[in-house]
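Following are the structures in question.
Presented sequentially are two complexes of chain A, the first with chain B as partner and the second with chain C.
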Partner chain A sequence: MENISQIGVTTIRKEAWDKVTGNAKYNSDDIRPNTLQAKILTSTIAHGLIKSINIEKALNSKGVQAVITGDYYPALTGSIINDRPPIAKDKVRYFGEPVAVVIANSEEEAMAGVNLIEVEYTPLPVVASVTEALKPNATLIHENLGYYYCPDYTVYPVAHTNIADHVKIRKGNMDLGWSESDVIVESTLYLPKSDHLAMETRNTMAEITPSGIVNIYTSSQSPFAVKEELNKIYKIPEGNIIVHTPLVGGAFGGKAAIHLEYLAYLASSAVDGRMVRITNTREDDITISPSKIAAEGKLKIGATKDGIIKALECTYYIDCGAYADTGPRMAKSIAIDCSGPYNIENIHCDSISVYTNHGYVTSLRGFGHGVCTFGIERLLDKLASKLNMDPFDIRIKNAIAEGNKSPTQDIITLSNTGNITACLLKLKQVMNWNEGNIIKTDKGTIITKGIASLWKTSNSPTNASSGVVLTLNDDGSINLNFGASEIGPGMKTTIAQILAERMKMDVENIHVFMDVNTQITPKHWKTVASMTTFMVGNAVLNAAKDLINQLKEIGGIALKCSQDDLEIANQKIYVVHRPDIFISFKDLVNGYQYSSGKSIYGQIIAKGSYITSGLTPLDKETGKGKSANSWTVAAQAVEIEYNPENYSYRLLKAATVIDAGKVINPKAARGVVMGGMSMGLGLATREDLIYDKEAILQNSSLRTYKLLRFGENPEYIVDFIETPQIDAPYGARGIAEHGTIGIPAAFANAMSLAVGTEFDTLPISNEVIWKTKTGGKYDSF
Partner chain B sequence: MFEILNPTIITLNINGEDRDVMVKPSHTLLYTLRNELGLTGAKPGCENGDCGACTVLVDDWPIKSCLMLTVEAIGKKVLTVEGLKNAPIQKAFVENFGFQCGYCTSGFLMVCHSLSKIRPNADDAEIQDWLQSNLCRCTGYEEIEDAVKSILVKDI
Partner chain C sequence: MIAFDFEYYKPDTVEDAVKLYNKLNSNGKKPIYYGGGTEFISMARMNNRYTEAVIDIKGIPECNVHEIKNNKLIMGSAITLTDISEANYFPLLGYIVRRIADHTIQDKITLGGNLMGTIIYRESILALLLSNCDIVLQGSKGKRVVPISDICDKKIGIEDDEILIQVIVDERFLSLPYLHVKRTKHEKIDYPLITMAAIKDKNRTLISFSGLCEYPFRSLKIEEILNDSSLSKKEKIKKVIESITDKILHDIGGSSEYRKFMLGDILSRAFDKFQEVG
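Moving on, here comes the complex of A and B:
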């Protein structure tokens, strides 16, 4: 029986035609009659006590059904530290924090109600930077820090400070490392906050039915976490909570955090359980909802005169804003991968999560890895320059390899990491490095190329789990049901391909349940961390095994032979040595019926699950431990053309060579890596949430917060290395975030070379270059 | 000239059909399409004219439906993504992977479809000029460029 492989073959996404016809339904498209609309009144200052809130006028306003404030149901939330009230109580800690929620018949009536609420604040000193937050007599943002409940027991907030956590890496012997070093280079960095900017803003609906079911409809990467959190915070029996997530209009980590779900539930409970919708405007989404961390860093690296790195010391301060959310976990990621994909035997790293009065934070594509990558990759270029070495040579010379140890002293293998040297060599080739990395053109412009390597682990909980259920249709096709949200990269199709490959059948005959309904969909931890292919992929392979076993058991009866003689392909079970003797899946779907009419077995339902195994928490003092099963490595480059006449530049090329283990859907894989680079170039060139000295956000619309537009993109080069990860489905590693991670560093390396100035801060716009070169004088032209 | 001061029933030509809808003077075309007609293909992304996710065609030209009042569409032909029937650009987007999450897709499809009708010979500069109206956060734009170029006249 012939079979065509489904892996490594470009497969049109399962939901593709829905997305080009307007038929694809996102949560924001779920428009229902008799749904109330909620609007949020937000804090107008960044830090202050709430002296009074007068909701009388709003309550009496036309169409308003209820107004709730922080007193309505006081509770603290947070996935790592329970530090955040969904609605501010007594105190506000960032500009844009929810202070009250108005529920009304229509959006305009809710908005009118919001405008009638009177709030008086007693302003408190604003902590507008990490530096201010860490001063000995700093204003405390959380007076009760140290007493908050921490759902993650490996986080260590420091009482009477603004420090949410401190992750330490102590590897090797620093004195030895420095003594073996011939050269030492130091560097600093500052990376600003930025926004996820998913095209669908966050939005949620909630209702509480008369029978006590809490239905949450939400655009989320974490529907199962929503269920768990609502259970914990509001004491709703978990089985009574059903979270529904249809297609998600972009997420990038920003919809992993639970945010509007709390408000929608509270709002519904305030109006006798009626359906309430809460939808962020774009400005709300940027201002109220969490965004990316900002980071400051100080680094010092030592190497021999031959360029062998001997020691790395780094300190990162992570600006988590007013509430920690997953900030401390990103700080941990930065620490555990602080060396980049290089073998460094002596490492001293501190990664400190700090509260400020900026907007709060959550995961964003790369989960902190953009920070440590920027740190080490800028440092390596400076080191290479000092040693008069080629940027590729220094990276290849120190590339991490089998048998080395990670900063957390985990053993590196080719399988668990991939081949960074191969990525670098391929990158060198595709970027025509031999023509030189700095070329002066006849036009007077300068073309430069910068590179960066990266690696990334998932840093998931030590018990993250995933499940798959398979049922069959009467035509023998398979229904595939699992709990990852389809947020864009096409994981629903990827998993279908993995199943098709294992079942040796056409992927067309696998039907994917595209939405998530936590009551009927098997749990998937969260659709984050580039872990879906790995986790659900392993679960679906286990489910396929179960399905094949059941089919063979019943097929053996039907074909009157031993199960051991049976094989499957093309939705048939056949005798290995006599392929002409077979029975089709469709004849076994509901059990088997003998010619006499008697039936046995019943319908086939198969299941499979996966749980992360073998992970351990990190030691508090040394960081020793195993935080992930694997890394993905990649090498990236950016080529730019700089015009020294007017300090402007153009993006010419951006390239990624990534060790994908195995590429499952080539065009989709190329797309997700390219899209990652596009986001990385945004961070590199323009994206920046700007706060004034009172920590008031200045750019909360798409007119002031600029994204890359069509035509501003460079030529993209995407290439793959395929070093299988043994424990991954068909060897496939996660690749969804990685395109973003190293691009800002590669870009900064290229710009520094072109301009002749070291750029250690992002974004690097024409204006930044002009200011750097001229001091910002108006008459500089 | 006409004046609409209160909620009123008006007739709009949507996807080739005359449809009666209730409007308030302040309703945007985006609001009416989504909330009154259930045509949710046009998406709110910023409701400020910056992102283009709500783009529809009005008398064949791309218009951001969040910036147009519904009453301004009286007497005009409105085409939404739901009204595209096997337009070449739809297949081109599918085959070129011109989307990931798909939220911006309707808007891009309408701009590209209009471009292919109004400027079938568009060169790179004109393509860029038209498509800079819309934002995509998932792709690298290259996929969208490949898709639109595949339906434009190629001998230029």
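Moving on, here comes the complex of A and C:
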């Protein structure tokens, strides 16, 4: 029986028509009568003691139902270190930290209430940088750091300091590495904080029903973690918590952190469980909710005169802001992949998470990998230049390959890592490298091309799990239910394609439950780390196996033959050597009825699950361990045109060649990689949360916080290599974050080449170039 | 979401609008005249602007005039930047307004709003300063028509209850050689680091700037330097920059030193361009 392949074929996403017609429903579209609205009063200083809060006037304000402060049900939260009160108690640690929440009949009444609260602070010295935070006798942001409970037992906060964690990689023999090196190159970097800027700002509704059910409606990448954390922090029986997540309007890691959910729950509990909605404005989203880490780094690399890298020493300081959230885990990511996709035998890396009085942080597309990629890729260009080597040659020469060891001493295989050399070679072609990487035009401008390789692994918990449940309709079509939130890349459709491929049926006949409801949806750890295709994909293949077994079992009875002789395709079960003998799914899904009318078997429900296996924590002193099952590698390039006359530039091209293992949905894959490059160019050229000396955020609105806008994009090129990952569904690797990771480094490499000055700080604006070239003083001729 | 309530009025005549203003003002409502609302709405939601009554002037016929009559271009204050751009009677002004905000907002921002707003750039004034347009105003003390140069010192200064009804530009200016250069931190559409507008009138270069200082301006002193044929190009630029005695903007958009550099660069290009025009 013939069937058409369902993967490797561009497939319109299941929710496409709803999205393009505006019919798609996001969390804020869920408008219900009798919903109260909450607004947050935020801290106006970055560090200080709360001397007093007067809520009297707000409580008496029209429409206000309740006002809660940090004294209301105090508790500490945090996925790695329990260091953050949802509402500041006694002390504020960043500008924008919630100090009180006003719950009112309407949003305007809640806002009016917020304006009536009077707070007095006793300012404390502000820790406005990593350097200040690490000084001896630095002001402590968390004086009780040594006493905090750490849900992640592999994190090591240092009491009486501002250090949240310290990850070490000690691989090989550094003395040997340096002694074998003919040249040594050093470098530093600084990458600022930036924001996610998902189109849909964070928003949550909560209610507590009279029967004790806590309903949380939230725009989240981690609905199951919301349930688990609310259980742990507020001792609500987990089964009483139901988290509902419809389509999510972009997330980029920012909605992996649990933030407004705590506030909405507390707010609802303060008004007898009535439904309370809390929605960030854009300014709230930038200021109150967590953003991307900032990082400082110092690197040193040694190589032979032939360009073989012998040693790498690097130190990264990760600015986690006021609360750790996933900061330490990102610092760990930076350490475990600090070498980039290169074989380096001797590595000494320290990655240190530091508290400051900046806004706190969480994952942002790439999970720290942008930092180590920037570090190593800038360093490689400097090394290549010193050795008078081509940037491609030095990368290909050192490209990691089967049998090498990762910084955590994990064995590299083609299957678990893919083929970076193939990516580089293809990139060289698509960027027309042979014409040169620096071209002077007749107009007096200079066109340059910069490249960067990258690799990324997931760094997920050692027990992350995922489940799938399949039910069937009377027409033999399948309902697919799993717990990943559809945050934009079309993964609900990807998983449907994988199921359709295994079931040898048309993806049109697979119906996806688009939302997540933690009571009826099987758990998926979190929709993060580019792991959905891998984890849910494996779970759905297991579910398909279960379904096929059940269908064959009952089909064998119906067709009066051995199950071993049966095969499935096109929603039919047929006898392998006699395809004309078959029975359709529709005649089996609710049991099989004999011609006599007697029925057997009953409704078919299939299930499948997946758990990450074989992962181990890293050794505290050497970093040895297995933190992931696989990497994805890619090579990226940026082409710019620089005008030396007025120090300005424009973007011409950005390219990515990624080893996707297997491309499931080609246009969707292109889209996600392209979107990633767009974000990368934003980080490279303009995105920057600017704090003043008192750690007050200066650009908290889109008037002043700039991102790459539509129409400013260069030409995008996306290409794929397909080296299958054996344990992944049809070989497919994660590709969701990778488009972002190497672009800033490739851009900085192109820029450094064009300008003739090394750029080790982002973002690079025209003014930055002018300052670098002229010293920032204007001499009028 | 705007946290406070305010009343909304849309009078049909200037007289009614002015009367309303004074009545609401005496009732302590802190009224404001309202055009497209882009500034008021975006600032009120952040508690940066407060009023208890807005008086929408878009229903007043005189404020919606947009025509050339008796050798004069008449532009009502309620016409939008999109209107200006599409009719394009005054190409220099057309260029300027097409670089203010994105298209959706250009459809809303009115000429009056851009001229009278609190956001400091007010770029459409650049073309009006160069053509020394007449401004038609009306308040409780009556109607008056004044050259913009008489009332514009850093911003257009008018009585609280006065409505800016129209702007009248001598048709002669519409076809003069002109130049418009806008530099921003990154984007095509953004607040300016510097916007420069210039026209060449009878061999004299007239020039105005936004983004350089905390207000848009035309400086006769700068024009004198530029039109001094005894000075070389380099000398002119040096003197122009030295002649700016007020504080040059220094903010997260760009440093004052960088703005100075940018000014030199823009002027240098302007000379070359105008030389081409002849």
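Throughout what follows, the second predicted complex is superposed on the first by the 777 of 781 C-alpha atoms of A that agree within 3 Å, B and C clash if a C-alpha of one lies under 4 Å from a C-alpha of the other, contacts with A are read in each partner's own complex, and residues count from 1 in each chain.
As a convention for this text, a residue touches a chain if its C-beta (ideal position, glycine included) is under 8 Å from a C-beta of that chain, and two chains touch if they have at least 3 such contacts.
Computed from a predicted structure; not experimentally measured.
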Item to check | First, second, both or neither for A:A16, with chain B first and chain C second | outcome: first
Next on the checklist: So in the superposed three-chain picture, is A:I600 touching just chain B, just chain C, both, or none of them (first/second/both/neither)?
Outcome noted: neither
Checklist entry - Between chain B (first) and chain C (second), which does A:M674 come into contact with in this model arrangement: first, second, both, or neither? => result first
Checklist entry - If you stack the two complexes on chain A, which partner ends up touching A:L176: first (chain B), second (chain C), both, or neither? => result neither
Item to check | Partner chain(s) touched by A:I439 [first = chain B, second = chain C, both, neither] | outcome: neither
Checklist entry - Of the two partner chains, chain B (first) and chain C (second), which one does A:F252 touch, if any: first, second, both, or neither? => result first
Next on the checklist: So in the superposed three-chain picture, is A:E767 touching just chain B, just chain C, both, or none of them (first/second/both/neither)?
Outcome noted: second
Next on the checklist: A:T685 in the overlay: touching chain B, chain C, both, or neither? Say first, second, both or neither.
Outcome noted: second
Next on the checklist: Looking at A:T281 after the superposition, I want to know if it touches chain B, chain C, both of them or none. Which is it: first, second, both, neither?
Outcome noted: both
Checklist entry - Who touches more of chain A, chain B or chain C? => result B
Checklist entry - Which residues form the common part of the chain A surface touched by chain B and by chain C? => result 281, 701, 703, 709, 711
Checklist outcome for this item: In the complex, chain A touches chain C at residues 107-108, 111-112, 115, 281, 283, 645-646, 685-686, 690, 698-699, 701, 703-704, 706, 709, 711-712, 765-767, 770-771, 774, 776-778, 780-781
Checklist entry - Along chain A, where are the residues that touch chain B in the complex? => result 12-13, 15-26, 28-29, 31, 197-201, 247-252, 281-282, 487-490, 667-668, 670-672, 674-675, 677-679, 701-703, 707-711, 713, 715-716
Checklist outcome for this item: Within their complex, chain C touches chain A through residues 1-5, 45-47, 185-191, 234, 237-238, 241-242, 252-255, 257-258, 260-262, 264-265
Next on the checklist: Using the touch definition from the top, list the residues of chain B that touch chain A in their complex.
Outcome noted: 34-35, 38-48, 50-51, 53, 80-82, 84, 90-91, 93-95, 97, 99-106, 109, 127-128, 131-132, 134-145
